[in-house]
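The next part holds the structures, each set out as structure tokens.
Shared between the two complexes below is chain A, which has chain B as its partner in the first and chain C in the second.
For the complex of A and B:
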């Protein structure tokens, strides 16, 4: 199978699954799939910078936290709708993200040193937030209970969040698919493959890398706003842990870094595997530990045997 | 002034412990160019090993316990080498993924085997020693002494033995080392074993100061990142300097500002060193 068909089939299969869950009415399944779609979305946002432009940052939780905190704070303090507040958060995220990326990349940080620098930025935000009383300190901020108010980004049913998460993911993927073979996408991939030859052919490497981080920050920040509304609370330690930072990366790499659908495949497969493991393991076992064990084993297996990710199994083995 | 002295001594004690943990990570990075995201989880294994030896193996003298833990961690290091060896030449992303996977598996296994409730040694009555205005618990003095001994031993090992010279050669340039007849695979294996064996010592030293629980290693992994970057990646003396700097920064930040400011300062230091002095404070680290 070549050309468009595998992609169309894949989108159809995922959509069918989401629609089936939507009508199943089981709130556990709806919440589970919403979470999976959300993880796929933040993975896809990371994929723009890491998969397309080759900028391996581990600081995207920074944007997640900024998006979550700014919308929730603006709503609680000024009554500003999160639908507007999320753009404030996105603007802050993009501004800070560009500044940090510019400073680090210009200083020549690449690979593991860039990973450390971006992770440091997220940890500075973590410890700063822990000290800020007006942002709830270590306890974070909770949203007050409202039943149904679409303007306040609050809905009476879980289904609405499922739909919004699906739209968020679809927008991120559409954005990636649309730039992939156009000017900026091609520039990003050229920079990823070889910075020197990209620079030789007239591409401004630093600009392209910062642009990729900016796109990544935008989508991650909006996903952060969604997280705050879906969970109805934010806290520094939940959003800015090493665990969360690694999650933005893991689903993408397991699925296939650089492939548009990589994060979606990774998120669905890893969740499916751990769900099956939960059903197979007997009662009395520590579910959380079993889930972690399966996750870890899958990640090790991918790193050892299939470094290009599950999508590369589809046969063409070519990074998109 | 008294507070200042006390804080300084506390910072030095923590710095000494961080040094024990971080040196192994920087040694491994030096020869393999792999950052081990599971480093703190191997410390967790060492903590559990010391805990069970101290509590259930009767009245073993502490020295024997320490030796057994180091021996055990050396064997664990051999296993780690076997897992890592296929991807030594793979991309950095593969290194991160594999060690992250290892970290998750180790934490989950510990949770399944020992449950997630933390295990503390019975609070032994450690005597407090007063030196001038500074008071120190005996276990802190013990920790400082062990770190001093290990530092000297490491110095001798690296500078006065054939293994040390080969390790430094491989760390400098693996291909060239191969050309002059150094079997880099053996050196790498020995270095991974050295790295985890040092964690064995660290686990033994830490146990009275810390508990043993499945996720106890995570903060140590993060601190070790900071320490080895500040010291310069792969620079062993630098890691000692970095550890002291981090320990002191945390202690001063916590004493004069707040505990969270200690964290902010430490990570700000990491960021600034990376941007301004990517080869570390001593300027001898490796940059990829």
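For the complex of A and C:
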């Protein structure tokens, strides 16, 4: 347990905050923290491919959409519980994610070209969905308002969603923590550091990169299913926008890419900054720009002075 | 049967003949040097042997098996290790982790066994004290030793060293030379060494080949080849280290 105290304290602090919010009875706070936990979860999922394996894609919204649409559609059409439907979405996400990643990486796309290619794949899905009337087209699909039905992933109170979001995040982080020092996690990190050197170490680089994308797709897709149930609707423009694409990565980048807790730190801090900026700037639309300015300024400041992310504040030379 | 046999290897990039009909052999436990001026095609040769580049013609035979054109990771798993000249290979990993990556190149090793193999390799090169230091926190000499430990961890039958003595003080060079000799004599590991420091080469290598403009122009013991007129002419103007 040498050197583990910062991690334990961090988990304890976050858990305490979530528990406090759970019992707070404030609907606004509960929904806010649920959203933060969800952003941390999709950020953590992206961290598997980007932070561990160095595969910087911007197409994870594809998996969000697949996870969201498949669960809602299967429930509305066949009455299939989203708890099962989420695995259908996950399977589709993993299959297509692997295929796209394989083709792009094999072709040698890296860095900005890979970003464009993966983002383009999400836009292809967007345009396809806009045309599919059986999937609601531009309007998307809504869920009927029903009361408490856990098997249908519907809960009477907001608090249940808070708990599920926390569990989703915890599972993603536990997965990352468990593979990090094992063979596959180590291989991913070696590939991130240097592809040529990793190849000469006997690592099948492309296989490892695709594996990382598969893991990322799995967790992102499940988060997408959660999103659909939480929002009770899905629409292509909301899920597959550039804004959402940036949301899959910004919290991780700001918090600390490659660090297991990076996305959590990033999601909490950036959301806090956003909320504080909202208070400072007043609630009129005239001041909406000020809020964005403050938010943007914080991101720029972190990029300039803490390029390794906020986690690096916890001590120099922390291992990724 | 030779451990490594390079047969009539050819490679051109556009109009440039990087490698022209090069053939040589390396026996088990033998230390062979590859010398030649800059741009002679030495690194290309390494890239051809280890699968980073496909040759236009010729073969590479390792342990009786044709490995021409196999991918680098496949070549590595067959028992060929290679060090790189690059300064900072794996910054975000510690020394121990970096070496453990290579341990897994051996068949079916579990985590604990791989850790042990890595620990031994790290100790062999004298980096035990810095096992948990990030690779970025090492000196140049230590980075060379890390590369060497990585090579050892994969239980190779031959190690390709790319300018392992670059930037090292004489004492550090002696240490590496001693390590190479020990691995060859004790473990039967063969070495193919690209090196600009000719004094180092003479001290370490059993035999050497000289490459210029992609062609092998001489072969023999290091001191022998270095006194040949064609070799001296190829080196005209360059300094002996």
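The rule we apply is simple: the second predicted complex is superposed on the first by the 307 of 320 C-alpha atoms of A that agree within 3 Å, B and C clash if a C-alpha of one lies under 4 Å from a C-alpha of the other, contacts with A are read in each partner's own complex, and residues count from 1 in each chain.
Throughout what follows, a contact is a pair of C-beta atoms (placed from the backbone, for glycine too) under 8 Å apart; a residue touches a chain by one contact, two chains touch by 3 or more.
Just so it is clear, the structure is predicted and the values come from calculations on it, not from any experiment.
A.B. asks: With the two complexes superposed on chain A, say which partner A:204 touches: chain B (first), chain C (second), both, or neither.
C.D. replies: In the superposition, A:204 contacts chain C only.
A.B. asks: Is the number of chain A residues in contact higher for chain B or for chain C?
C.D. replies: Touching more of chain A: B.
A.B. asks: In the superposed arrangement, does A:258 touch chain B (first), chain C (second), both or neither?
C.D. replies: Touch status of A:258: second partner only.
A.B. asks: A:187 in the overlay: touching chain B, chain C, both, or neither? Say first, second, both or neither.
C.D. replies: In the superposition, A:187 contacts chain C only.
A.B. asks: Considering only touches as defined above, state whether A:108 meets chain B (first), chain C (second), both or neither.
C.D. replies: It touches chain B, and chain C stays clear.
A.B. asks: Looking at A:26, would you say it contacts chain B, chain C, both, or neither? Reply first, second, both or neither.
C.D. replies: A:26 sits against neither chain B nor chain C.
A.B. asks: I'd like to know which partner A:15 touches here: chain B for first, chain C for second, both or neither.
C.D. replies: Neither partner.
A.B. asks: If we overlay the two complexes on their shared chain A, which of chain B and chain C does A:196 touch? Say first, second, both or neither.
C.D. replies: In the superposition, A:196 contacts chain C only.
A.B. asks: Across the two complexes, find the residues of chain A that touch chain B and also touch chain C.
C.D. replies: Touching chain B in the first complex and chain C in the second, no residue of chain A appears in both lists.
A.B. asks: Can you tell me which positions in chain C touch chain A when the two form their complex?
C.D. replies: 50, 52, 71-73, 76-77, 81-82, 84, 86, 89-94, 97-98, 100-102, 104-105, 111, 114, 134, 137, 150, 154
A.B. asks: Where on chain B is chain A touching in the complex?
C.D. replies: It is residues 35, 83, 86-87, 90-98, 100-109, 111-112, 115-116, 218, 221-222, 225-226, 229, 233, 258, 260-261, 263-264, 267-268, 270-271, 274-276, 278, 287-288 of chain B that touch chain A.
A.B. asks: Which part of chain A faces chain B closely enough to touch in the complex?
C.D. replies: The touching residues are 56, 103-104, 107-113, 115-117, 119-121, 123-124, 126-128, 130-131, 242, 246, 249-250, 253, 257, 285-286, 288-293, 295-300, 302-304, 307.
A.B. asks: Touching chain C in the complex: which residues of chain A?
C.D. replies: Interface residues on chain A, with respect to chain C: 181-183, 186-187, 189-190, 192-194, 196-205, 258, 317, 319-320.
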